[in-house]
Amino acid sequence: MIQVLFFGQLKDQVKMPSVKVEEAATSVGELKKTLGVMHPQWQHYLTNDSILVAVNKTIGNDQTVLSDGDEVAFFPPVTGG
Amino acid sequence: MIQVLFFGQLKDQVKMPSVKVEEAATSVGELKKTLGVMHPQWQHYLTNDSILVAVNKTIGNDQTVLSDGDEVAFFPPVTGG
Amino acid sequence: MQDVIEVQTEDFNQGALYDALRQDSLANGAIVTFSGLVRDFNQGHEVGDLFLEHYPAMTKASLLNIVTAARARWHFGKIILIHRVGRLAQGEQIVFVGLTSAHRKDAFDGVQFIMDYLKTEAPFWKKESTSEGDKWVAANVSDTQARLRWDKQDEM
Amino acid sequence: MQDVIEVQTEDFNQGALYDALRQDSLANGAIVTFSGLVRDFNQGHEVGDLFLEHYPAMTKASLLNIVTAARARWHFGKIILIHRVGRLAQGEQIVFVGLTSAHRKDAFDGVQFIMDYLKTEAPFWKKESTSEGDKWVAANVSDTQARLRWDKQDEM
């Protein structure tokens, strides 16, 4: 199971802060495809080039390998400070 | 008459904080020569390339023109801050 | 580590943070601080309150990484980094970065380095209340450029 | 002019100066401050007290010129510049420069510009008490280089 979190504007766009994915996904890219199948209306947002991903609190990319139990967060460019 | 002031290490070297010069000097360069005649032991310090000059509180140089009543200050590179 | 890194809803007292930096700073004669406040105008429109969201489990680790990266480039005495989250009104303080160094230029570089990385890598997101409703703040291209200059530092 | 420029023997309260900068700073969300302290070690030897001499009639005019030159290059809200003179002990505050700006980079540049010019053009001279007696501090080549970079700014 993979715990998926959304932050910032993306959270409003997918209309939920988090979702659990039971199907196995071997990489972030695979996980995006799985999410796009589960929620076709998310595809547009998740494939946006500017969307960032963190795996277990560390910045990753589509190639980052996933394992059962990982926490994956998707979010738009940060705007703190 | 020209009022001449010394600051910082230069004040210690010429061994006085100020001196009045009655003889006319048309420029800072001329004034240095006059001071060097009055006090030969000052020549070495006044001709040091690093010595700065301010005429009436504005930075000048050897070519700066002088008039009666001017205040001329000689000092080493500044070290505030 | 004597550094202070905090993510908090409470306000901070800049003068008290400065005093903490100054403490035991005999070898580090330069102290530089940066504070960021909620402005009344941003990206071309009037702003009311600001809401700062973050990714709690990741944010502090991200700030610690940034401070560690700064320490790898320069020698500093103490570093204090505080970032607020939650709802903030106009004029309120959002972020504080302050540090001590033996060298003036290192102190300025260090605070700018931390702010440039914080603006581009630390997981915070701002939502503004505007006259046309709530609006997520868009990232600034100039922040990305500011961040990238540190990659080129070695060529300078 | 709302700016504050002072040459004084008394100490200053950094937090109070920051609060004065923050006052009415709604349009200027970035505040940068620099403070310089008396170090215990300088140019390779231990230092006790410091004596700061100045040229009273010229010093304040010189600082005003520097602040005016900074304002000609960037837009700032308020600028505060305070420099102390007379006898100062280890760890005491010597100088404060703080200002507000709408832009982070301008705020950092402005404070650095003022410090770089102050270090090379404002008529202050430091004499240190060392174990080998009093010693006038020599000017730093790095300060001259820091000052000269502002001449080259247009080429960057």
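Miscellaneous remarks
We call the chains A, B, C and D, going by the order they appear; numbering starts again at 1 in every chain.
Criterion: a contact is a pair of C-beta atoms (placed from the backbone, for glycine too) under 8 Å apart; a residue touches a chain by one contact, two chains touch by 3 or more.
Computed from a predicted model, the values in this text were never measured in an experiment.
Shared contact partners of chain A and chain D are C. With respect to chain D, maximal separation of chain centres occurs for A (centres as means of Cα atoms). Chain centres here are Cα averages; for chain B and chain D they lie 26 Å apart.
Averaged C-alpha coordinates give centres for chain B and chain C that are 48 Å from one another. Centre-to-centre separation of chain C and chain D, using mean CA positions: 23 Å.
In chain B, there is no position where the chain touches two or more neighbouring chains simultaneously. Within chain D, contacts with two or more other chains are made by residues 36, 115. Contacting chain pairs in the structure are A-C, B-D, C-D.
Taken together, the chain D residues at the contact with chain C in this complex read 13-16, 18-19, 22, 25-41, 90-91, 102, 104-105, 107-108, 111-112, 115, 142, 146. Touching chain C in their complex are the following residues of chain A: 5, 7-9, 12, 50, 54, 57, 59, 71, 73, 75-81. Taken together, the chain D residues at the contact with chain B in this complex read 36, 52-55, 57-58, 61-62, 83, 94-95, 115, 118-127, 136-140, 143.
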